[in-house]
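Alright, structures below, take your time with them.
Next come two complexes, and both contain subunit A; in the first it sits with subunit B, in the second with subunit C.
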Partner chain A sequence: MSEIKLVFTGSVGAGKTTAIEIISEIPVIRTDVRATDSETAKRKEKTTVAMDYGELTLEDGQKLRLYGTPGQQRFDYMWRILVKGALGLIILVDNAGSDPIGDLARYVDNFRDFVSNNQMVVGVTRMDIASEPDMDFYHQYFAERGIALPIFPVDARSKTSVVMLIQSLIAMLEFS
Partner chain B sequence: MLSGEAIAKLESRLAQLLHDCDTIEAAVVSTLDGHMCTMRQQAQQYSLERLATMGSTLMSLGDTITAELNMGLCDNIISENQNGIVAFMHINNDLVLVTLTTQKNALGMLLSHSRRCAKEMAELL
Partner chain C sequence: MHYKISATHLSKNDNVFFKSMLQLIQIQLNDTWSYEETADIVLADIETPLGVAFWEESTQQQDKLVIAYARQNTCNAEWFLPKPIRVQALIKQLNAIATFKSTVQGAVQTSQTSENSPSSISTTKANLLGNIPNNTAQQVKPSDIPTNKPVSIEYFEPEHSLLGLIQSTIKKCETKCFTCEQGETIYISPQQKRCFTSKINFNHLTQKQRRLYASVAAQVTMTNLSEDALHQMAKAQGLENYAVETLLWLVTLCASQGRLMAGVAENSYVRLKQWPNFAVLPCQPVHLRIAAFMLKNATTLTTVSEKTRVDFSTLVDFFNACKVADLIVETTDQNVSTEAKPKSSAEQYLFKNILKRLSSHE
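What follows is the complex of A and B.
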């Protein structure tokens, strides 16, 4: 594997663009515009409407092509476009959002077909803002539904934290 | 979001657009982040909600591509298809106009009327 396409998806404000920006070695290609609806605007000034794109080369020479999706359901056609050809998916869930478990369920369900043939990890962000639900709750949620997905707390502003999430995904790809 | 008065002005101008150019079968105004503001069509044959959101995606991609190539602002995006043409263009920094026709030889009419409409909508706001 010399090049790997990975996709960041997840709820609005979970930190998808931030995570790609913090690890990309090229200036990130962004398609963010001013948010006009109050629900999004109260959380952030701009929102992604097409995609983000960044690149990261790993120590072994593998190049990661990093794509970020818009978060809102109305852009779900971009979700389907962007996962084409991807080997791995990273779902970011905003723990400080109004319904993080509902968000998680929605994204896991939406990408159920993708994960049957590929790999997926989940990162829970903004746990410094909202500590509940805690990681035990997420693990229990998965266990009760028979979902076997790695899930980690992540700080999308921290390169170390985001790289850790990606390394987990790469390891899953290598051993799958 | 736009005020009711602003949306009424846009609705009126869209109605005029479809009256002046009956080869334009539908037109949509959306915000650049994908919310429908208003729409109009000659016959109720299209579901235009998704087109509003897709219009925002395409215009934003157009802006990103032209910025990457140092080509200034993206004026419009034209999708020429087997059964018609769709045109996407900025009204201002926040709004997008999407127009479509099923007449494949009507690109000139589509663009000229749509550009004029977009320009006048910007002035109305």
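What follows is the complex of A and C.
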């Protein structure tokens, strides 16, 4: 395996950069610029336009590379580039966003090909800001579509939470 | 409870190792265990002729509980510790024996109480709650405690454990305090869907916490109290609050002790309805492995144990906790999709390496 990488994707402001920052052992390389479109600017001052990059060194010296995709749909060409050859995918959905279920649907749909041969997990962030839709709603969404994936609330600022996402992904990979 | 254990016909090395291991694991045991030269619970090396003779004699006389110690359980011993002694196996075995002992004792107490004076059940330790204002604290009527059925040591029956008492309290929406001798105290507010207790370190439960969580119903003292009293108490004692689901989950993991929940057939096909919310349900890495397999596959618990290489009793504890959390679906068809794809050793090595690196983060 030449490059071992995990990709964090998901909606604008869901916490992808924060999640990578909290576990990366190097300062995260960011490509963020001032948000220009009104919708993004409402949510945050700066936004990722190409990728975020962090890494973890494993015991044998190999690097686990952590990539974060841009959240905005107009940069979706980067999604496909970054996900190529990835070990797995972590989708973060901002529950305080305007349409979290729509966001989830869009990302699951976009990465359908990748997921057919790989694994992904979904973390729902900012549930402390917006409690609706609740987790039952997400589970029902998956159940109606016959999707069996780990999905649970996470706090992108919490190391424990982000580690749990990756541990869940590895567990899924082990039995895929 | 305090249990005494001795060892017989062990090699000198095993004997020394067992004694030091017993001391090392004290913090992880639900009860206090001490090594004595003679005791009613005995670890016997059945790979020696004298050890076998001792084991046979004891099983006939039934005056001692003997744990057979060997590489293989060739005697089909009910209590068995595989060689060499390993930490987890020893912890599980001793906790299971303590549960067995307390269950038998609980059954005796229950039957005596039922025959003689039911009102004596939760009054003996009322002084533990002496700081609850008199006008708000009220001892629970004994009719709340199930007394008319023998306690099973083969199956986990929530109604005979702390779990059942908590479930009943939630159902009736009553605010209550639960404690047991030398155990932790917890306050439940079904109205707020929270419980209040001293801080829980999910990776290292204290002996007091484990003692309460694994209690049989007859050992538990329950006290009714008002919401106001609960808040005063929580504030005064600096208690932490947790989701009720968290407590139910922990209590089930502690109390089931490898016993499958009563009413569940071991050969039924089961799968997870959805991924457990591990944000509020404390888990170990092994639980993630089981969840990953059971989310995709509907099969028997025996198969789950084989495929995940998780020991059956740990699996059963997790299964029971999922059952209590309403996360289990029973199906009529078996559907195992992952069996024909063993991972390469390189992949296994990589996964192990990543998990190891992540564990240093926690």
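Some notes on this structure:
The rule is short, and it goes like this: the second predicted complex is superposed on the first by the 166 of 176 C-alpha atoms of A that agree within 3 Å, B and C clash if a C-alpha of one lies under 4 Å from a C-alpha of the other, contacts with A are read in each partner's own complex, and residues count from 1 in each chain.
Just so we're on the same page, contacts are C-beta pairs under 8 Å (C-beta built on N, C-alpha and C of every residue); 3 or more make two chains touch, one makes a residue touch a chain.
This one's a predicted model, so the numbers in the text were calculated from it and none came from an experiment.
Aligning the two structures on subunit A places subunit B and subunit C next to each other without any clash.
One geometric descriptor of the composite model is the angle centred on subunit A: between the Cα centres of subunit B and subunit C it reads 170 degrees, in steps of 10. Once the two complexes are laid over each other on the shared chain, residue contacts for A:83 go to neither subunit B nor subunit C. Legend: residue contacts after superposition of the two complexes on their common chain; A:29 is shown touching subunit B, with no touch to subunit C. In the superposition on chain A, contact of A:150 is made with subunit C only, not with subunit B.
Between subunit B and subunit C, more residues of subunit A are touched by C.
After overlaying the two complexes on the shared chain, residue contacts for A:66 are found with neither subunit B nor subunit C. Of the two partner chains placed around the shared chain by superposition, subunit C is the only one that A:163 touches, whereas subunit B remains out of contact.
Taking the two complexes aligned on chain A, the least Cα distance separating subunit B from subunit C is 26 Å.
Residues of subunit A that touch subunit C in their complex: 1, 4, 23, 56-60, 62, 64, 135, 139, 142-143, 148-154, 159-161, 163-164, 166-168, 170-176. Residues 29-38, 40, 47, 49-51, 70, 72, 74-75, 77-78 of subunit A are the ones touching subunit B in the complex.
Touching subunit A in their complex are the following residues of subunit C: 273-279, 285, 288-289, 291-293, 295-297, 307-308, 338, 341, 343, 346-348, 350-351, 353-358, 361-362. Only residues 1, 31-35, 50, 53-54, 56-58, 60-61, 63-64, 68, 93-94 of subunit B touch subunit A when the two sit together in their complex.
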